[in-house]
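Before anything else, here is the set of structures, which you'll find just below.
Next come two complexes, and both contain subunit A; in the first it sits with subunit B, in the second with subunit C.
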Partner chain A sequence: MSWQIITQSLPIFLKAFELTLWLSCVGIVCSILVGIITSLVQYFKVPILGRVLTVYVELARNTPLLIQLFFLYYAFPVIGLKMSAQVCGIIGLVFLGGAYMAEGFTGGFAGVSPSQIDDGKALGMNDLQLARYVVFPQGFALSMPALAANIIFLIKETSIFSVIAIPELTNTALDLIGMYYRSNEYLLVLVIAYAIILVPVILLLNFVERKVRYGTFGN
Partner chain B sequence: MTEEILRVENLNKYYGDWQALHDINLTLHKGEVLTLLGPSGSGKSTLIRCLNGLETFSSGAIYFKGKKIDGSSKTWQALRQKIGMVFQSYDLFPNLTVIENIMLAPVKVQKRSEKEVRAEAISLLKRVELDEYVDIYPRELSGGQKQRIAIVRALALHPEIMLFDEVTASLDPEMVRGVLQIMADLAKKDHMTMIIVTHEMNFARQIADQVLFLEDGKILENTSGKEFFAHPQTDRARDFLTSMDF
Partner chain C sequence: MEHSAINVFFAGNNFARILQGLWTSVWIAALSLLIGLVLGTLLGILRTLPNKTIRFILRAYLEFFRIVPTIVLLYLVYYILPRSLHINWPASWMAVLAFSLWVSAEFSDIVRGAIESVPVTQKESGQALGLSASQLFRYVLLPQAMQLELPATINLATRVIKTTSLLMLISIMDVIAIGQQIIEANNQQYPSAVFWIYGLIFILYFAIDYPLSLWAKRLAAKQKR
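Coming up: the complex of A and B.
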């Protein structure tokens, strides 16, 4: 184990670290949005669109990100749709993440007792008002554990971007190892870099989960 | 004759091939209390839910204040502010405090001012003796308290008729009286027009101007409250009253 190797690699790892962080953030935020919209459309059984999104969720959840990325990066240019590796990566991550988030929110919404829908309708509320004031706040709070698990999952999943040569953490480590054959050092940096991202995120998510619960149900 | 609030004409309802309601007719005038009685599965909930559009019906017509309801979801949505309903499952919205539960629909649906609605909500809560629970979340309340607040929540919209579907059926016995008392009060003091599904026969006898006795989705008796309890016309109604220890 050589310290020199490690310190020399730090600037390049820092760049990769920033990229992983950035891709994760964009991917997570977009996935949450896609997940919320998808799950609400399914919850209120919007005609046609609801069915289409069910197909989407099944498709996305049952194919590996690796295959989705290959498809976006290598197959789409064949039909004239060429995108940069990073754009492909984000799209793939959101395609996958949106479906996982949708499943999580659907689980949360399922915890909202259906008799509340009757109550809300009997009070003259429309679907949008019901979604906004009743179903969504409760469903969101109830899906916090799933949301947290999905966030962690998506951060880890960015490592698969290495296969389409996005210079994020994993790709960078593998590159360096390929060039200099110092796997111990580079893998150590890689693990620490992921830990620096994941540990605070996990702690933060725990905290937020409790806060949201309290803010929603008063306990 | 007082103003007609609700009229149902030849209403039929099917679940698939099976007919749940047969040719229902009823008329309710302002200030009248109608109780819907009948054994379990006779179609009371189905009927009362048709009256505010929570269930669709297969044929027939419902008139609100003489005007035929066209059955579109927009129409029902608007009408439901005038047709209050309270259910057996005393569900308050658990993500909202008591006062927020009451204020939600008047503020968001009727677009009334928060200040005015809050003042009214508090005076309604006083009336049901729950004004100390204004900022409490529902999980801290008993079933009876929740049900009283659910009634207040419906009243805050200023409905012209209230529908009650077995609102005391899931309550602990000691909670039942308080809820029935509120309904009796609404009838006597406010002259609220009401349709009540209940298994509380004593209460029904005291409060009913009109009784509809249902069995297998058919109206077997449609008569005054006095008449029904003193002289039930059909064997089925007599059996029913006997089975209710009456």
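Coming up: the complex of A and C.
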């Protein structure tokens, strides 16, 4: 183990760190949006579209991200769709993450007790008001544990971007190991880099989870 | 896209080779699950005991695996075993080691949660009958915990199967590595082979994982009622 090797590699790792953060943020935000829309479509049982999205959720959840990325990056150009590695990465991550988020939100919405909805109707709320004031706030609070797990999962999944040569953390470490044959040093930096991202995220999510627990009634 | 590219599946022994690659992925997943579930059950039981030191160490063990992506775990084993510890195992054994440790960490948390959610009256009734601690786990807590944890265990299995897609990265001839070879060998004749081969592998993974997730979902719904 040599400190010099580690300190020399830090500027390169810093760039990769920023890229991992950036890709994670974009991926998570888009996944949450896709997830909310998908689960609302499923909750209100929109004809046809609801079915299509169910197929999407099952396909995305039951296949590995690596093969999804290979398909986007290597197979899509054959049918004339050529995208840069980073675009493929984001699309792949959102394809996967949107499905996981949808599943989480669907679980949360299903947990809102039917009596709540009846109460809302008794107050004269329409469907949109029910969604906005009754189902969504409580369902969101109920799906918080799933949301937190998915956020952590998606950040870790960005490591798979290394297979399509996106220079994020894992790819950078492997490149350095290939060039300088110093595996211990670079792997240590790699693990620490993931810990620097994930430990605060995990702590923050635990905190938020405890806060929103009050948003659920009767539990 | 030429229609004939689908012939790539049946040319030579391509289809048999893909299935052979799939078998490699399946046995590595199955063996890792087996070892991981046994080890995870032991760690899970230890985590319900009152000893604070053991609980802290095992919690740290779990958090390590929660933080480090599986792909990095594979590389840690792949580089550290031969280079620093001078252990020269075949890559498939290293994958089994990395996956087993990861499964044991995740499963220890599932087991702990399940044991803790067995109603406390069950434990007290067992104690009132004069059961020893090991009898209590063997006859009262574990059988009930196992039933509670089954859906989560199946979901963990689907994750392990999906994670076998990373095996090719440490030069194991899994289904994707063989798919790549076939694509490269046929690139001149059938440029669209890449579409069919990766499409087939996508469907193969789905065909294994989808029934398992469906089963887990049904079980979980049944338990809720």
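Heads up, the rule we're going with is that the second predicted complex is superposed on the first by the 213 of 219 C-alpha atoms of A that agree within 3 Å, B and C clash if a C-alpha of one lies under 4 Å from a C-alpha of the other, contacts with A are read in each partner's own complex, and residues count from 1 in each chain.
The rule is simple: a contact is a pair of C-beta atoms (placed from the backbone, for glycine too) under 8 Å apart; a residue touches a chain by one contact, two chains touch by 3 or more.
The shown structure was predicted, so the numbers you read here are calculated from the model rather than taken from an experiment.
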Most subunit A residues touched (candidates subunit B, subunit C): C
First, second, both or neither for A:134, with subunit B first and subunit C second: first
Touching partner for A:122 - first (subunit B), second (subunit C), both, neither: first
Touching partner for A:194 - first (subunit B), second (subunit C), both, neither: second
Which superposed partner A:184 touches (first subunit B, second subunit C, both, neither): second
Touched partner set for A:78, first subunit B, second subunit C, both or neither: second
Subunit A partner contacts - residues on subunit C that touch it in the complex: 1, 66-72, 75-76, 79-80, 83-84, 158, 162-166, 169, 176, 183, 191-192, 194-195, 198-199, 201-202, 205-206, 209-210, 213
Residue ranges of subunit A touching subunit B (in the complex, touch as defined): 113, 115-116, 118-126, 129, 133-134, 137-138, 141, 216-219
Complex contacts: residues of subunit A adjacent to subunit C: 58-59, 61-68, 70-71, 74-75, 78-79, 152, 156-157, 159-160, 162-163, 170, 173-174, 177, 183-184, 187, 190-191, 194-195, 198-199, 202
Residue numbers on subunit B that touch subunit A, as the complex places them: 52, 54, 77-78, 80-81, 84-85, 87, 89, 91, 93-97, 104-105, 108-110, 136-137, 139-140, 150, 153-154, 157
